[in-house]
């Protein structure tokens, strides 16, 4: 039990995907101008990331490994991810048009969010089991969402600030991200192992 | 008497500065050579002149008719001749000129014929409202909203008629003096209002820094053997006189956001308004004069005057021993909510409760950036977050400001008063509100333009189609004509 | 719909074919590089001229508390069939400042250290990381030492009255490393012969 | 669109529309591996190669693919290219491959590649697509190397440390030590440094741009000065 | 090798089918965007943006051909609104397309007007009244101030005048900037 | 702002008393650097300089940064830290009032992760080391690194109480043995630290009385910190030290009254302030107890700065007349 809690703490805080592992930065920078949109993105990513983490684990375990096709891993995973994204898209569209309104535009973006592929690859690299993969994927997504939403709220405040011309826009956003990751250094050593 | 009182959030204890202008008794203001009567002294539509230049008018005669539901007529406050109808300086933050009727007084003070209705109890409310409307009575306490509308319960049961005698702003004492000197008139006025509203209760709310006025009211009630009007002292804390605040203090009810007091069965009027109602109904006199406080470091003899509407402010300053030229800046209203008047030749209007004068404009310290200390939020009686409103208004993010409920701001100025960074917050809010309204208007205009443009495009397309059709037809005819001739040639 | 499916499948086939081809071409080379990479690490401690067997082939796995929680691979160097040295990887020093430290420890048959290297750690950059060869030569000071050099009680950092330096402001990390090395020396002393005795068969 | 002059392609790729500094795409590898010049160069070249190849192929097959499967096919193409490159690197630049780790396969999801395929390569001639791919790749590589240099210099006081990983043993002594006994400003090589560093680069670019803008404005002597604020 | 190909054909086929469905549906997204953008444009219909009217410009933005900073009448507020809608960073107005001017309306000097109807044809919102050979007048509240009627007039009897300010249209100005803001 | 500095003075005096004049040197150095870099940045940004130099925010930043540095930190540490605080964390965002992160703490954390060695070299209280460095000596150490003859760095330096506690617990000792083993502990918290914290507490209370700050943040912070500590202490007093120790060692009081209360970077709504303070307290405890760094205040403050806008967004008070 505690082991799984630790996995979450470690992926959400200590090894936060965005601020420490440098994954999923494009959506992090791109979809954080408004709080609402960032929340939509967070929701979509969380779902897709968890699902694709599991699926890619299955594909790797029961398709690639047996056939000795490890070298096709990347291709296989990206295929899986794209499929999952589309699948999610359809499900959402069918079940709740309202949610679709919110998420619709973000889902396609997720395909090129390297956090998703990153999770899949890391699962293999670190030989996670099934449950571990699921948790890892969820934790990564949670970390991503947390940071994304906080960042969006911060940015909404910063746009009104008297930022020097040269730093307006992406530059100051990156500096902010830097200071955020500076703060997250505080979690280092929280999980020894 | 000790009745249960409630507390409104925020607010400030301000130095009152009221003693200065209450030492001397109220005296009539001298009759000026000319009276300047703006057509727009109230909320709502501008009144419509019914007199022409050169025409002779009597005191109390209607010279401009109310235009539409939310509007009020204007009356000649003394007898004389109309010498101009046109734009003149008026008391307004813009400092612009606005349409006025100018009367040269003849000093005869000849009244037009008055129709008193001594026994109002026999009148039905709608007729009373009509009298009040015809008398041009508007709220004398603040916004100058036509009072007859507020006297119309709109079919709702009115639980309480609240008389606003708080006069919470520093320096202002006109209501105070009115209560000391004309308590009886106020009481009568209140009973008329009450009759019109069928109000169950009737409370006069007065700040506890006016013992004399309080005593005067009680005395008057005693003399008139009236027991069903309750006089309640409320703690002195700005803005206790704010309509919503006073209502909360006296009844514990909150006027819903962008709702009206009437929606919670309450109507709030100023005491001066009540007095005006009495004169209108029982003496048949329209609203042609009011008490005005002339005070501030700029005048040697600060006091209250009973002023004919339309009297130029400069005359009043002179009467209080000040030389208008020496006065560097002149504020109409109090230090918190008043605005500077650009020319002392502007006239006193229905909503002029106070002239605040300064010898030299206080040098405002430079505004520093907001450090989000939250002092403003603690002072805000509307429980807003002024720092956020400012943050967004300053960044021109007006929709965000609106999300933070900009329009619940009553512009009381408490926030600006406490701001350690000396930010003119209220100015930012007024600016933001103005911008939002303009954008609304422009949006509507744009939509119209879009329609007209699309309509035009459609029309052009149609014309083109028709032209082509005609063209084709012509061709066909031509072809029809030519063909036989050719055959004929052969 | 079917058309699109087919078309896509076509592309998939083509793509896969190309990749598969590349894979075939590079497979041998990749295996080779991986070998070389590992070998170069070992050769840093056990120079090729000191042995004549294939270190990668002649290996076995052991598990022992002294060497850490997980199984440790032991590569054995022999010359003319005679044991020369053994390289343990990875030896885990569990009590680093912020997590376990992975070590590669090579011990000569006579019980002296052929060398120690850090192959993975999470110590604080700037405080704990002088244990890396790249950052300081602290780790090199182990070479040539053994259980009687210094005497066992001396196998500590100076601060704890031992023979090994600590870093300014960082005692925990060196403490952990010294302890781990000392433990593995003990383990080697205890199990030396069976380590070399076991047939080279396993590990293949 | 399809008749973009080559001059513009070059200018876009390297400056005006630089993937890293302007489009802010493909950040993950950019920030993750830019802690030393060599790593940056390694990944940069890999990306460049991928971009060029993928763009070329995409433009080659642009008439064969129906709109519905455009995206999947492009993704597939890119994935294949990347895998091929990865295998090659693993074979010939093994250490570097180990260091760069999952960021080589992650080139697949590097947004800039799919973006170029979508908005440019799929709409233009092979030559231009190839050029665009190359220039965009070069643009991000330059940004990578710049950031790498900045961080390595500040962090370790060196440049081109362990270049042999890439250029073979001959390059062992290429390392340039800018400052002996340099304390080492760890911030630069730690994650926060990556973000702040890139932020600074972008800011510098903005300054240069506005200078150019102002210069132009004066040259044309427009009545009102554009973009010159604060 | 073969197993690889087989395995993949399977995967990809599935994938292709699924995607086939979804990709088609994405098409519909385009148009509402144009409306959303058009709703933010001032509808002056002046063409300064380089397109014949606001809607064409909106279409161009949606199509990614035009940038969001080309509409002078929209001004800074307009650009920010567009940036918000499209999730981009706002940028200063592109000087190539003109500068922000106070709102103005056209006034026809009626004695001079010869009733040529050219301005009527030019006006995008039919804000000019008049018939051939009769003097024309501008319906002030309908005029968007696009200035398109100025050029065609053969006798130059049309001029632009600022919209009249009176005490009701007056609004509070922003207070002067916080301390130290130079210019 | 000046009143913030007045409130700091008693604590500073205690600081000098226990750790020698190094602190004073650091403060002076930091202040001058802060003012200079502020002025330079304002000039570059084309803003008026005088009003912003006089608003006193830069000195406050400098004070708080200097107070969190090791007393004998070399001059270039103070310099880079202060410059980073003012230039990057404050001026890049538009200066006073616009910065989302607490400049002083940003500067401190930057130093801590960049130069951990220098940043963990703490001076032992004079009562322990038995050496009293006077102003000149301290200045010489700071600027040239030259200790007075007959002194070694190891002699005068020691880990801070929190740090030492970590080290000993790490060695598997109990809190009690740790406190007996190392001389740096006092009766409540760290030796000397208890006095320093006590005086900062006084200064803080004075600021509340003077309405410079409100009670919300300090109360919530200290409350949550001690609650956490109490729970775990009761649960296992060998591994987890008492709440009092937490309150009276490290930067607890300084943080609660002077750092977390920075109005610019904290929450601004009343309820928000409570959440914010509680958050800082909990995070501080977590980082102190399980994290890699001995004191967590700085990180906790920065982390909560990060969350402040969101918290504000969700803790707006009910506006008058709204349901």
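Each chain gets a letter, A, B, C, D, E and F, in the order it is written, and its residues are counted from 1.
Just so it is clear, a residue touches a chain if its C-beta (ideal position, glycine included) is under 8 Å from a C-beta of that chain, and two chains touch if they have at least 3 such contacts.
Worth saying up front: this structure is predicted, and the values here are computed from it rather than measured.
> Most remote chain relative to subunit A, going by C-alpha centroids?
Farthest from subunit A by mean C-alpha position: B.
> Hey, which chain ends up farthest from subunit E, C-alpha centres compared?
The chain farthest from subunit E, judged by C-alpha centres, is C.
> Whose Cα centre is nearest the centre of all Cα atoms in view?
Taking the mean of C-alpha atoms per chain, the most central one is A.
> At what distance in angstrom does the C-alpha mean of subunit E lie from that of subunit A?
Roughly 38 Å separates the two chain centres.
> How many angstrom between the C-alpha centroids of subunit F and subunit A?
Distance between chain centres, rounded to whole Å: 34 Å.
> Can you work out the whole-Å distance between the CA centroids of subunit C and subunit E?
Going by mean C-alpha positions, subunit C sits 68 Å from subunit E.
> Whole-Å distance, subunit A centre to subunit B centre, using C-alpha means?
Computed from C-alpha means, the inter-chain centre distance equals 57 Å.
> Pull out every residue in subunit F that's touching 2 or more other chains.
45-46, 51, 88, 94-95, 98, 110, 113-116, 292
> Could you say which residues in subunit E touch two or more other chains, in rising order?
4, 8, 11-12, 15-16, 19-21, 179-181, in rising order.
> Going by the contact rule already set, what residues in subunit A reach two or more other chains?
Subunit A, residues with two or more chain partners: 30, 71-72, 75, 79, 82, 108, 157, 162, 164, 167-168, 170, 172, 175, 179, 182, 184-185, 188-189.
> For subunit B, which residues are in contact with subunit E within the complex?
My answer: residues 40, 90, 92-94, 96, 98, 366-369, 394, 396, 423-424, 427-428, 430-431, 433-435, 437-439, 442, 445-450, 452-453, 455-456.
> For the complex, which residues does subunit A have touching subunit D?
Contact set of subunit A toward subunit D: 19-26, 28-30, 71-75, 78-79, 82, 108, 111-114, 116-118, 121-122, 125, 164-168, 170-175, 177-179, 181-182, 184-185.
> Help me check something: in the complex, which residues belonging to subunit D touch subunit F?
Residue list for subunit D touching subunit F: 183, 185-187, 190, 192, 196, 230.
> Hey, which residues of subunit E end up touching subunit B in the complex?
For this pair, the touching residues of subunit E are 38, 41-45, 53-54, 76-77, 80, 124-127, 141-142, 144, 165-167, 170-175, 178-180.
> Can you check the complex and tell me which residues of subunit F touch subunit A?
44-45, 88-89, 91-95, 98-101, 106, 109-110, 113, 283, 286-287, 290-293, 296, 298-300, 302-303, 305-307, 309-310, 313
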